[in-house]
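The two complexes that follow have chain A in common; it is paired with chain B in the first and with chain C in the second.
Up next, the complex of A and B:
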């Protein structure tokens, strides 16, 4: 049996993408350190608020004026050291959150106050927001649409319960 | 009775329903009220206070009388309940009852954004929405009903075609907007869903409500608003009476006259104007005058004018039209009296009022307003459209209205608010008592406070008050309009936030183990933490004593993953922490840990915890479980607003790490097995240091020697992914030592035996580090947040409350937490001087007795004194002691 266990292991009916590598980067956006980090990632740290830049198998989510979340695949264990810079805060937060995939805008609109219409939110956008009563990083990865919800492990079961419950009601309310 | 043809009902779809136990039939497209009228049922439940017979009065949301209970839903208006097959309804006298099974109904919420929100789906609303959507703007049209075909109206045989063509038009029909807040934030009730709508522009086409006229016995069944009578005939093909009188002050009721005549009813008109229209060619007598009284056993049988009595079974009344300004007024728009009604004046938000809601009753003018508003809104949101052609509308000539506020008669039977049973006599009593403001009169008479929100009573009431005071309604102004403007249920507001979805429960990665091993849980913030682990047959006291004994004599383990954790990184991280904590962290060596205490600017204890230095520029701060988010916010606030020059940044890692405390004299042996690569000797791994290592099952771990119990103890930190595996590994390796899992209660007892305070339990925001007897942790050299406040005379006065111990004189007596302590010689008659209170109280296994911590005035100088806890039926005497009860020398922490 694997020693690793994701927060939603075995939860039925929810698409969890477990064990993604996540590194929180806080650095002055205009300095040398930011430039070196971008270079090593092979993509710029996005400066457009709430935007996402893809860099190969990794994605860089703009969380704040001096804060990014770099998301890599499971097993991207070298990522924190790759990004380490003397005047930057680089912190491995892979286990801080798990990732749930959702393929319905309608479903999210039952609990998310943001405007998710394609004119306002689309692939390549992210936001730190609430779904029902838990904080998430909401990240749209495809215009189909496909969304990722990055949620704290301790809140994951609540969110999964809420999503399961909401799935039951989306068919009846237009 | 149902007319043989006409209406918008579907006669191919008959429906059956039950009202007050009697079965009736109606058609698809009926409301409950129209189906009732079709079956000759006009009368509803008697009025709430006067028990007077009442009938269906209107055909919409202004209905004051026809309240019904439908299934679990109380206080619905029969005039707005869509008829469904098998519907069971009961008429109500004013008040409904919630039924227990209403909890079974499923409610939900939706959040949506739109460029343009149009409220009201009549001709003006539909025109505005169609126009605004034509250029591609996102438009939402919310209305009580939305006919699928062309919207036809008087003077326009073609009407307005449906607006479904526009790509981003969304129609919510059967929906009621009831709350209008700042930033064009509007709440809409739609069936079982509460919509939260945010719009860039709002167009209000909410129409107008016809007003009744106040005369004697104006409340009988068979008296209806004229517009409602017309609506029943044209929309539902039901005729409320065969012999009708129409009483009007204005032109609008003549459409009702025409509809009645066309349906074969016999009609007489009483018009308040001196020169009413002549309808002799149509066979209708028009009298210039007023209705003064009505007659009938219950239902209306006759009306009286000043000089005539007319037999009839229906009286259609029109006292003019009041624009539905509720939402506009809620949006903080101001109103103006135009001589007939209150109309919108100045908007306070990005909205437009059009049509009858704007006091524009002429159809052609209303459509022009609606088109202009649609064009303007479309341009404002970036999807411009050219003005569309207007539908052909016949021009009409208008005779000015002649409002009548009050017809002479017995004021006790002149009803102003039908739902509240309030009369002219009630208003006279209020005015006679000296009230002048409509707000006061409203509160005194309760006029306008019913579920119909005074739609048919506010303006008549103002008219009567104004007449009493000799002013105009415009001089008085209206009362304030507040949400909800239509009744909505609490269940709707709650939506799905109920049961386990009411409030999130946070669990650690080890939670499933705790559940499987029978833990009782305690709520700490949103967290579920194991409280204690009772074995079969054990109660809480026994279990906690056993867990405590294991920690003091063997080895025990606790899931401490809920501790708040923050990585503080940057060249100035040490300097920053120095400024936040009362003690120093700048010189803490890498590889070491230190307990720290934080104050708010007022010098009061805010949070505490152990911080490790991971590298020169990197600290790992732990906080209390409940304080984690507040501490992170506190750090950000000082960093961003006060010291932006410091190179330091913060990242929450609370859930990155699972933390397991391993406590007790035998913990070293267990850790030695769990972390075989680690030299666990006291010399190689001293107190308040940490080591990075790999556990026996290959998991990377950071192990610290930290003790919150005074015992030899370790904290094993692993990635949250491995929390459960690490817990299992420690539990397995600890088996030979009978390792005992323990919960928060045992943790509390163990720390209290050592006098370690818990922030938030032994402190309450009024306690300084000095009050806790922890002056040793307050640096005299460096500056820190709160330092200046600690020099205030008040924080240095000798009679502040100090944290002390209390030992009940009877070692079996347990002081209740929160108990007030009084001096032994204090008189027990109020006011009794309070000396302080108990903050923590437990039974101790190791002390073999009860003990407590307390905040006592000048406590440190009262050691040995006996205080009393008067508890109503008994008094517990306790001796003040030092707050450390066990291992005062600190001999146990190294094992």
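Up next, the complex of A and C:
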């Protein structure tokens, strides 16, 4: 465990939630395999685009018509095996991305073209999009608001630099 | 900047997409029997209408799905 190092370890002013367990699932949404997976997760695989289902300690993000990302806490090592199915693709992608927590809509709007106003985007929504020209999974976890940005490890410091810079410009303009 | 409607993700900016050219260009049914000219027609030649044009797009920065749509090449308006 002590050998692990997250991409933004020690980065000042950024809230990183490192080492979340992430499993990519691709399966036919109407088949038996999907039904067994959602039963074991204790929550349905969401079928509404850009939506998230809360399944206790885990969350299920819809990425596409036959693709989901299951996000569990750090150390949820049993998750890939729990979801394994012969007719589904289940891949542990935990090392692909790290997670940055952001608590300002104003800040994200500096670099995101989506409409993040509560009428269009709120808790329980997710979107695969670009922030500051970097591909992210944007996921709103609370209406306070609290957002999570799931960003690839090699882009994490770039995005953190951009967020730090944009934080400065939002605070100076009020 | 075009606003393109992905069938899965909804309306997104053009920068999230890549263009895939003309839609419904079928692979030759009997490829062995094609002449060089027919191959060239299949590989290189595309319609270039003034008006409605069925095209393929991929939502590369989003859900990474391909889809077909119809765009008016005069007004850039998406019709489907």
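Operating definition for what follows: the second predicted complex is superposed on the first by the 170 of 174 C-alpha atoms of A that agree within 3 Å, B and C clash if a C-alpha of one lies under 4 Å from a C-alpha of the other, contacts with A are read in each partner's own complex, and residues count from 1 in each chain.
Heads up, the rule we're going with is that a contact is a pair of C-beta atoms (placed from the backbone, for glycine too) under 8 Å apart; a residue touches a chain by one contact, two chains touch by 3 or more.
Keep in mind the model is a prediction, meaning the values are calculated, not measured.
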| item | value |
| --- | --- |
| Chain touching more of chain A, residue-wise (chain B, chain C) | B |
| Touching partner for A:113 - first (chain B), second (chain C), both, neither | both |
| Chain B versus chain C as contact partner of A:103, first or second or both or neither | neither |
| First (chain B), second (chain C), both or neither touched by A:64 | second |
| Which of chain B and chain C A:93 touches, first, second, both or neither | first |
| Touched partner set for A:3, first chain B, second chain C, both or neither | first |
| Partner chain(s) touched by A:50 [first = chain B, second = chain C, both, neither] | second |
| Which of chain B and chain C A:129 touches, first, second, both or neither | second |
| Footprint overlap on chain A, comparing chain B with chain C | 113-114, 133 |
| Of chain B, residues touching chain A in the complex | 106, 108-113, 138, 191-193, 196, 198, 496-497, 500-501, 503-509, 526-527, 567, 569-571, 617, 647, 649-657, 697-699, 719-725 |
| Residue ranges of chain C touching chain A (in the complex, touch as defined) | 8-10, 12-13, 15-16, 61-65 |
| Residue ranges of chain A touching chain C (in the complex, touch as defined) | 49-50, 63-65, 67, 113-114, 127-130, 133, 135 |
| Chain B partner contacts - residues on chain A that touch it in the complex | 3-7, 19, 24, 26-27, 66, 86-87, 89-97, 109-115, 117, 119-120, 132-134, 152-155, 157-158, 161-162, 165-166, 169, 172-173 |
